[in-house]
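Paired with chain B in one complex and with chain C in the other, chain A is shared by the two complexes that follow.
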Partner chain A sequence: MHIMEGYLPASHCAAWYAASAPFVVAGALRIRKIVRERPEARMILAASGAFAFVLSALKIPSVTGSCSHPTGTGLGAVIFGPSVMAVLGVLVLLFQALLLAHGGLTTLGANTFSMAVVGPWVAYAIWRLGRGLGLSVALSIFLAAALGDLATYVFTSVQLALAYPDPTSGIVGAVAKFGGIFAVTQIPLAIAEGILTVVVIDALAGKTADADKVGVLAGEIR
Partner chain B sequence: MRIPRSAWLLLLLAVLVVVPLLKGGEFGGSDGEASVAIEQANPGFTPWLDPLWEPPSGEIESLLFALQAALGALVIGYVVGRRHGQSRARADRTGSGRPAQSAG
Partner chain C sequence: MSLSSMVDRAASLSRWRNRPVAEKACLGLGFLILAVSLPPWPGAALVGGAMLVITFAGARVPFRLWATVAVLPVGFLAAGSVALMLQIGPDGLAPAPGGVAAAGLLTLRALAATSCLLFLALTTPATDLLSGLRRLGVPVEVVEIALLTYRFVFLIGDTAVAMTHAQRARLGHSTRRRRLRSVGLVIANLLPRALDQARRMETGLAARGWAGDMRVLSNTPRASPTALLAIFTLQVAVAAAGAWLA
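Our next item is the complex of A and B:
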């Protein structure tokens, strides 16, 4: 999902920076509030960031014959709500842009919007929807993390299509073209991320009953 | 014996990763493929800015990726271990017959 340095026109870079900025600021305020009100949640907050850090480093083979990486933003979004992941996601993207030439500073705003805003918000919406429909906690977490991951890659395809519409089929055709590269490759990886998110939440929550796991990790239930 | 959920989920995860490898392919990065698609659709395209710093070789790049994964795994492992220790300490306190302390 990383759009490489210099691959988006300057106007698009600026627009995505502007679109991401409010989410990052809101996320920072939210983290400050969580740390102040529930100091015991700090550990899980750190683990949420670490999870995104690990997962975005793992290039995993897919059935399409190419490799991609999960995003790891669903875990924190389910536990703390989507806004905290905007901040944690930027930190991951900055590390990769500066040290790995993966992504870039000009495209940081666009990459932040897809990985740290769209992914977490979709994950959180699916989590709430799943619980609202009466799905089990584990299944809701799985769907949230998997679809959040996929949403990030679909959105990257949209971002590239807006910048590089197809000469004949336009933006819609370009979404299909980039989606063929990103989203299809991502489907098995999204499933893998969903599974791993359930495993890690189980590991973090220990013997807590399924229904209380997310609340306990968020520091809302003692 | 009942198999723990994490065990069979991790097994499933391993299958998901191994199956594509058996199927075969080039396994290049999808990020790079998108860049190539842009260059092909727009002849003469060059990125208007290059990364400030690039890992000088594939080895250094894999070193940094390994470091990224290791640092993250370290934090998650620490938090999991600490939480298990805390819950065990709590169980010991309440299990020893003494009145439960206010902590926790």
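Our next item is the complex of A and C:
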């Protein structure tokens, strides 16, 4: 779930825009460099962005019976790296706002920070950590995708709590309230996304050896 | 997927499709900024009212379509309001004093802002808005990738819908376990296809001397100063009324 249009006060909207801007600018500079060096990467990046959008329109079943969509942040961060994901994430969020009324323009900065910065960086860090500790590719990808997804929603709850603190217990209480609604319900979905991402990576790179499974997928963009 | 195609089609067929983008953007984005910065009562209510009149009476957006798109944000609003109406005190969860009023004001502001977003989404195709970004100084490379992404969204979306239909017809969604596996297979088959399609398109365009920019003929007229002035006057009036009545 992204924060809907108009849900955050104007000051918070501006602050989150400012917070996510450096990451998006860094990603845009990187994309610029990639495109200068290899113009053919342009189409690949566009197709990847569109793929991420379509991914978010696919429903996955969860334990509670409710449905939600995969965020794809884990998959994207592992394959393309987190800096490129910041720009692709903004584009996906923009199209989700304009084509699905999912998220919004005033809350684009806040949603970018949780979905395109926090999620991918957490997923990427866990993926590198897992590989560094010698965990298997499947387990590292599972943890990266599941925790990246969960981190996104926990951070969304924090953003909502900062804007609307609890009258008696303050921001901590509000994190618990919003987390109970938007993040705890997400745990089974995060696990589902983790399993899903392993299935995807396995099906994509099934015939290659463990070590270069991900390298094979990135192709031109690395 | 069908929802995004529906919104895109509605925007392209809108009565205000050929109005200058600058006018529609000033209208939608200007009111959007007012909706979040004015006090919710009566500021956001005035903004929402003005926007709904413009959407339904001016641009003649069909109400059913509008309502279908608005369902999703309303769901978020309902879930979020629960958190505002409760508080965590020393003795656990309790109704928050003034929580209903706070939730009501927030609902008002969010609905007003959503009506601005829906006005833009249902009258202006995303490509027009993206092309406008170039004029605001967003790097050309990023805008080009955004425009290409937009074109790919519908191609890849159609493929995903076809794959899901095929799996449904073969009991691929009969149990939860199978369903998760099926969705995984769709995603796994979709990514290489998308990338492959991108590579083929790139080769085809390179063979035709494509240098990287998408120039498309656009026949939208330039924004008229009178219309812009009228929009600004309306917005100033709404802002003044909102601030004065608060």
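FYI, the second predicted complex is superposed on the first by the 184 of 222 C-alpha atoms of A that agree within 3 Å, B and C clash if a C-alpha of one lies under 4 Å from a C-alpha of the other, contacts with A are read in each partner's own complex, and residues count from 1 in each chain.
The criterion applied here is as follows: a contact is a pair of C-beta atoms (placed from the backbone, for glycine too) under 8 Å apart; a residue touches a chain by one contact, two chains touch by 3 or more.
On a predicted model such as this, the values are computed, not experimentally measured, just so you know.
Undergrad: May I ask you to decide whether A:138 touches chain B, chain C, both, or neither, giving the answer as first, second, both or neither?
TA: First partner only.
Undergrad: Applying the document's definition of touch, where does A:44 land relative to chain B and chain C: first, second, both, or neither?
TA: Once the two structures are laid over each other on A, A:44 reaches both partners.
Undergrad: Report for A:18: first if it touches chain B alone, second if chain C alone, otherwise both or neither.
TA: neither
Undergrad: After the superposition on A, what does A:57 contact: first (chain B), second (chain C), both or neither?
TA: Both partners, chain B and chain C.
Undergrad: Where does A:105 make contact in the superposed view: on chain B (first), on chain C (second), on both, or on neither?
TA: Both: A:105 reaches chain B and chain C.
Undergrad: So, A:195: does it touch chain B (first), chain C (second), both, or neither?
TA: In the superposition, A:195 contacts both chain B and chain C.
Undergrad: Do any residues of chain A touch both chain B and chain C, and if so, which are they?
TA: 1, 3-7, 10, 43-44, 46-47, 49-51, 53-55, 57-61, 95, 97-102, 104-106, 160, 164, 166-167, 177-178, 181-182, 192, 195-196, 199-200, 202-204
Undergrad: Write out the stretch or stretches of chain C touching chain A in their complex.
TA: Chain C residues touching chain A: 1, 3-4, 7-8, 29, 32-33, 35-37, 44, 69-70, 72-73, 76-77, 79-80, 82-84, 86-90, 96-99, 102, 106, 109-114, 116-118, 120-121, 126, 129, 139, 141-142, 144-146, 148-153, 155-157, 160, 164, 176, 179-181, 183-192, 194-195, 197-199, 201-202, 206, 212.
Undergrad: Can you list the residues on chain A that touch chain C in the complex?
TA: That would be residues 1, 3-10, 13, 28, 31-32, 35, 39-40, 42-51, 53-55, 57-61, 70, 75, 87, 91, 94-95, 97-102, 104-106, 160, 164, 166-169, 173-174, 176-178, 180-182, 192, 195-196, 199-200, 202-204, 217, 219 of chain A.
Undergrad: Using the touch definition from the top, list the residues of chain B that touch chain A in their complex.
TA: 5-6, 9-10, 12-13, 16-17, 19-21, 23-35, 37-38, 41-42, 46-55, 61, 64-66, 68-69, 71-76, 79-80, 82-84, 87, 104
Undergrad: Can you list the chain A residues touching chain B in their complex?
TA: Residues of chain A touching chain B: 1-7, 10, 43-44, 46-47, 49-68, 95-102, 104-106, 138, 156, 160, 164, 166-167, 177-178, 181-182, 185-186, 188, 191-192, 195-196, 198-200, 202-207, 222.
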